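Dropping the structures in below, format is structure tokens.
Shared chain: subunit A. Partners: subunit B in the first complex, subunit C in the second.
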Partner chain A sequence: MKMLRRGKSLSRAGKSGALVLALLGVVMLIVVPLAGPERYLLKVLDFVGIAVIVTAGLALLFGYAGQVSLGHAGFVGIGAYTSAYLVSTVGVPWLVGVAAAVLLSTLGGLILALPSLRLKGHYLAMATLGFNEIIYVMFREARGITGGHDGFGGIPYPSIGGFTIDTPLGVYLLVWAVAALVVFFVWSLVQGRPGRAMRALHGSEIGAEASGIDTVKLKVRVFALSAALAGLAGALYAHAIGFISPSSFGLDQSIIYLAIVVVGGGGSIVGPVVAAILLSLLPYADALLPNLSQSTVTLLQAWETDIYGLTMIVVAILAPGGLASLMRRRKGREETVSA
Partner chain B sequence: MELAELLQYVVAGLKSGAVYALVALGFTIVYGSTGIINFAQGEFFMLGGVLSVWYYNAGLALPLAGLCGVLTTVVVGLLFERIALRPRRSAGALVLVVITIGASMVMKSLARHLFGPDEAMLPVFTPGPSLDIGGVAIERQTLWVWAITIVVVIFLTWLYKRTRFGRAMRACSISHDAARLMGIDTARVVMVSFGMAAALGALAGLAVAPLTQTAWDVGGPMGLKGFAAAILGGLGNPLAAVVGGLVLGLLESLSVAFLSSTYKDAISLLVLLIVLFVRPQGLLGRARREKV
Partner chain C sequence: MSLLSVRDLTKRFGGVTAVEGVSFDVHEGTIKAVIGPNGAGKSTLFNLLTGFDRPDAGSVTFKGMDLLGVRPCRVVKRGVARTFQNTQLFEEMTALENVLVGTDGSFRGGFIRSAMRIGTRAEERSARSRALHFLRRVGVEEWADTAATDIPHGVRRSLEIARALATEPELLLLDEPAAGLNASETHLLRDALYRIRDEGVTIVIVEHDVGLVMDVSEEIVVLDRGCKIAEGPPLLIQKDARVIEAYLGEEGAADDN
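Right, the complex of A and B next:
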């Protein structure tokens, strides 16, 4: 009911975005479980849901505030290793592990926000890239905590009190419930003043400042929030999959997250979320299309990086607004026709 | 530590420093004439090595294989600029970052598909025992690395200072619009800059292919080091890039001598981050203030 009342003040684009998101939420949380999917598909959809959470945070940072980050896989890793270590080695409750993961990655985000106060564009990209590399080296070298190259296995399933979520469907529902909450939170954030402030920052930093926006505070907050969401995603990932290794949190993965937001389009949450679903399903297309031949799947997986890279370039050159602007444009046409 | 041993580390540092300098020059040339930081610069280094190995294995003589490797990389660099960057030349930094990162991903991945995942090596350019100077051994290939770097620096200095084209490049680095109003073909300057950056990266990759193994994934780490070197000196200034490269190489090598080799790769990252945080204009650069 509350949502409906808020809906009245929303713009048209906001409304259609809400509709797409609500539809997605219904499909992922109700329709998929009812379809009784097999184990493999559920695991793939876990990956997708985790990518959606990271993407929602990065869409705020990159798509709205215009601050580039090539360090998001690093934050996911911080979250994953923190929670994995605390829960399985130290033995704290799962929720405490997740909270610590979010806290620590937020701290990482605050640290990374510092260069963003002085640097922008290319320079900020390089600084965040360097950050990711350092984090990656730490994961690899701090063997006592992370298990080094061989990874960190046997991470327990999520559990609250005495209740353990240890079925594939349970884990899936947990991941997507969190994803739905995160997307809704981020989406409602950008409908209001913070969203406008971020867009102003993107457009012109000096202009935003002149309009009374505290750009320093804003940047620090967006970086921290974006990193916190990545850390949350990482914690979920660790407990949902049960095994983590440094290679999941390297620069390549950061670039893939950035590619997702680029394909999804700036100034939008719906676009990047849809892009996250499409692009992270790509290498596991066989989960949805069981008739797909093994060779096609192998080919898709082998050429995954090329496809991401090329899509990223093509979108940047030909459709800089990404999926979001395509959706907007189609909508605009419909409106002109009906008017 | 004995003096000879220390000098041995200095030689090693100056060797890798010269390679960083070549990659850094690529960054600096492109930055100078376009304001773009080319995230695909490291891939030119990779292509230079991998392509030369491929030509060599295909049966070409070593000098010819090296030449073909460098020239092919130059063609890749020119095509990259023409196809991927020129259409969005006037776009903001974010778009250009995205394009060059995407390109580096594609180049790297294509190289793996075309040339395989395995590491490969070239034979040394001139076989023979290492030179022994006062107890310090210098490999012949190291001399080649230095020679290539020195020739490149002399050539670039001549180009920038003495030729019309060099003057056009310097004009572009000050203001594209003003340069175009003076009748300079800025599009050509940009394209040639990318060609030169590709050539320098490829030369570096070729020069070290006999020393360290080359493979599809060597571009990223080298790009990071080259950029660290470029920004350490101060982006946009060729001489500063060379100084930055040599300083970085020495720092790395001395850290191996006095600390441990695990920290070697972290040095360049540390240098990169410290310079970015504290002095983004580099050691030799002057601060610029942003105007409204």
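Right, the complex of A and C next:
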């Protein structure tokens, strides 16, 4: 966990980074649909937005509070199946389905917080990994609810009241509006007292207790919040894509989420969000670069996990603080120049 | 009236009795020292007083309230703060941020208000000015924007005291604050201790630097192998036969320093 180093002028660098991100977001929201509402591109960007939401939550848990989770894909799955089942099988309104998804994944987060009160580092990683495996088997075997291996299809589009969001552009805007809100809330959270308490917990649990921070309460809350965001992302995913299967919520996906946060850097929200955008675009590079040859795309997809692994190694060696530290370093250099 | 009252405190680790039937009182507005050879049970005593460890027997009462079985963070909220023999700073955070963590209890806004940015600005500003005040109180304000990991040893000890002060305690427990400090740093520490006491914070200090202890403390408790062997004002302690024997005995063994 030494990889998660933090810089000195955190808040200043964070602010400029967030500004860049906000601009980027606005550009994406306006320009992308104008550039031509291409179905494939929009769907890819839905994936990206969903990854951003999961990453924001995991950045809180791992990048700030220092609590590792190899179970986040499990929470995404809980959210996805809960909402899919409730809306399409039971027939509750979409918003109710999403709310239930968030509630249930939060509950899962509370359960997973229990081992975190006793376990640290590798042991916590193992416990959360076990959680993901159990959840995965449940998705696969509870065929009556989840459809098992064959997946759960025909999940209806999001709808509020009588209004159904059934165009690719509408879904895209919904996903990114939620992602932007989530990033804003999470980013605000880390600017103040909660973010500081989480970093303290990461730095020295004993020191945090001695400073009057209830580390038990804090861990439980961060785990629950992080799981809730993953569940929210899962619910969006189910209704945006319309089809879910257990393979999207396995351990390999959890590892990718964690890799994104490591590449993005600890003690930062902006870094992991940028990493989420870059890394989740990678397998769909052809959506942005239409001239890319089919064989390149196939290669990228076949070697996806290897590329992630390699990226992690390169980041660990060249920039142990991840993208966030690179952004801070550049900022620092600018300050020296102007001084 | 005694602020802190310790009665028959006992703690065993397996077959070893680290603290055995220790009793003493700490009076408001004073500096009390706990001294003793290595392994006398001083740090264990602090852990028992602050909820980091549970005693096997005895009682600890602070302002008439039982402190036993209270978790460390709640002990802090009741007004007892501490530092550690091995400083427990947040290495990646700046000195100012370290002290800001100490002000955590003064915030009303939690997760929801912070996420929505409701009334956080004023709270944050007030916490910052108090944190700076505490950095100045121990004389390390010039390090405010330096990450703890880059701060020299002597300053780190003072920084930890500033963080403890930021919790606004009535009783401050300092575990070897002068360890590793040079003469001039020790001098500054002594001045800081007087200032802190004069502002109404009662202090209990565990310390090896006998010179400092004799200087600052009104009363001394001497522990040896978990037992209290003497208690009284510095001048009497210096002449106490059992104290001299405990210390000379250790020097005779001359190894475990």
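Here is the rule we go by: the second predicted complex is superposed on the first by the 324 of 339 C-alpha atoms of A that agree within 3 Å, B and C clash if a C-alpha of one lies under 4 Å from a C-alpha of the other, contacts with A are read in each partner's own complex, and residues count from 1 in each chain.
Basically, a residue touches a chain if its C-beta (ideal position, glycine included) is under 8 Å from a C-beta of that chain, and two chains touch if they have at least 3 such contacts.
Predicted model only: the values in this text are computed from it and were never measured.
Chemist: Superposed on subunit A, are subunit B and subunit C clashing or fitting side by side?
Modeler: fit
Chemist: Under the stated touch criterion, which partner chain does A:Ile206 make contact with: subunit B (first), subunit C (second), both, or neither?
Modeler: In the superposition, A:Ile206 contacts both subunit B and subunit C.
Chemist: Under the stated touch criterion, which partner chain does A:Gly267 make contact with: subunit B (first), subunit C (second), both, or neither?
Modeler: After superposition on chain A, A:Gly267 lies in contact with subunit C alone.
Chemist: Tell me the contact category for A:Leu225 with respect to subunit B and subunit C: first, second, both or neither.
Modeler: A:Leu225: touches subunit C, not subunit B.
Chemist: On the A-aligned overlay, A:Gly192 touches which partner chain: subunit B = first, subunit C = second, or both, or neither?
Modeler: In the superposition, A:Gly192 contacts subunit C only.
Chemist: Roughly how many degrees, to the nearest 10, is the angle at subunit A when you join its Cα centre to the Cα centres of subunit B and subunit C?
Modeler: Once the two structures are overlaid, it is 80 degrees.
Chemist: For A:Asp214, decide between first (touching subunit B), second (touching subunit C), both and neither.
Modeler: Only subunit C; A:Asp214 stays clear of subunit B.
Chemist: Determine, under the contact definition given at the top, whether A:Pro93 touches first (subunit B), second (subunit C), both, or neither.
Modeler: neither
Chemist: One more residue to check, A:Pro320. First (subunit B), second (subunit C), both or neither?
Modeler: First partner only, subunit B.
Chemist: In the overlaid three-chain picture, which partner chain does A:Gly153 touch, first (subunit B) or second (subunit C), both, or neither?
Modeler: Once the two structures are laid over each other on A, A:Gly153 reaches no partner at all.
Chemist: Can you work out, in whole Å, how close the C-alpha atoms of subunit B and subunit C get once everything is superposed?
Modeler: Scanning every C-alpha pair, the shortest subunit B to subunit C distance is 7 Å.
Chemist: Subunit A residues touched by both subunit B and subunit C?
Modeler: Touching subunit B in the first complex and subunit C in the second, residues 206 of subunit A appear in both lists.
Chemist: For subunit B, which residues count as touching subunit A in their complex?
Modeler: These residues of subunit B touch subunit A: 36-37, 39, 84, 87-88, 91-99, 101-106, 108-110, 113, 220, 224, 227, 231, 262, 265-266, 269, 272-273, 276-277, 280, 290, 292.
Chemist: Flag every residue of subunit A that touches subunit B in the complex, lowest number first.
Modeler: Residue list for subunit A touching subunit B: 62, 66, 68, 70, 114-115, 118-123, 125-127, 129-131, 133-134, 137, 141, 206, 251-252, 255, 258-259, 262, 302-303, 305-306, 308-313, 316-317, 320.
Chemist: Touching subunit C in the complex: which residues of subunit A?
Modeler: Contact set of subunit A toward subunit C: 5-6, 8-9, 185-186, 188-189, 191-197, 199-200, 202-204, 206-216, 221, 225, 267.
Chemist: Which subunit C residues qualify as touching subunit A in the complex?
Modeler: Counting only subunit C, the residues touching subunit A are 50, 52, 71-74, 76-77, 81-84, 88-94, 97, 100-102, 104-105, 107, 109-111, 114-117, 120, 123-124, 127, 145-147, 163-164, 166-167.
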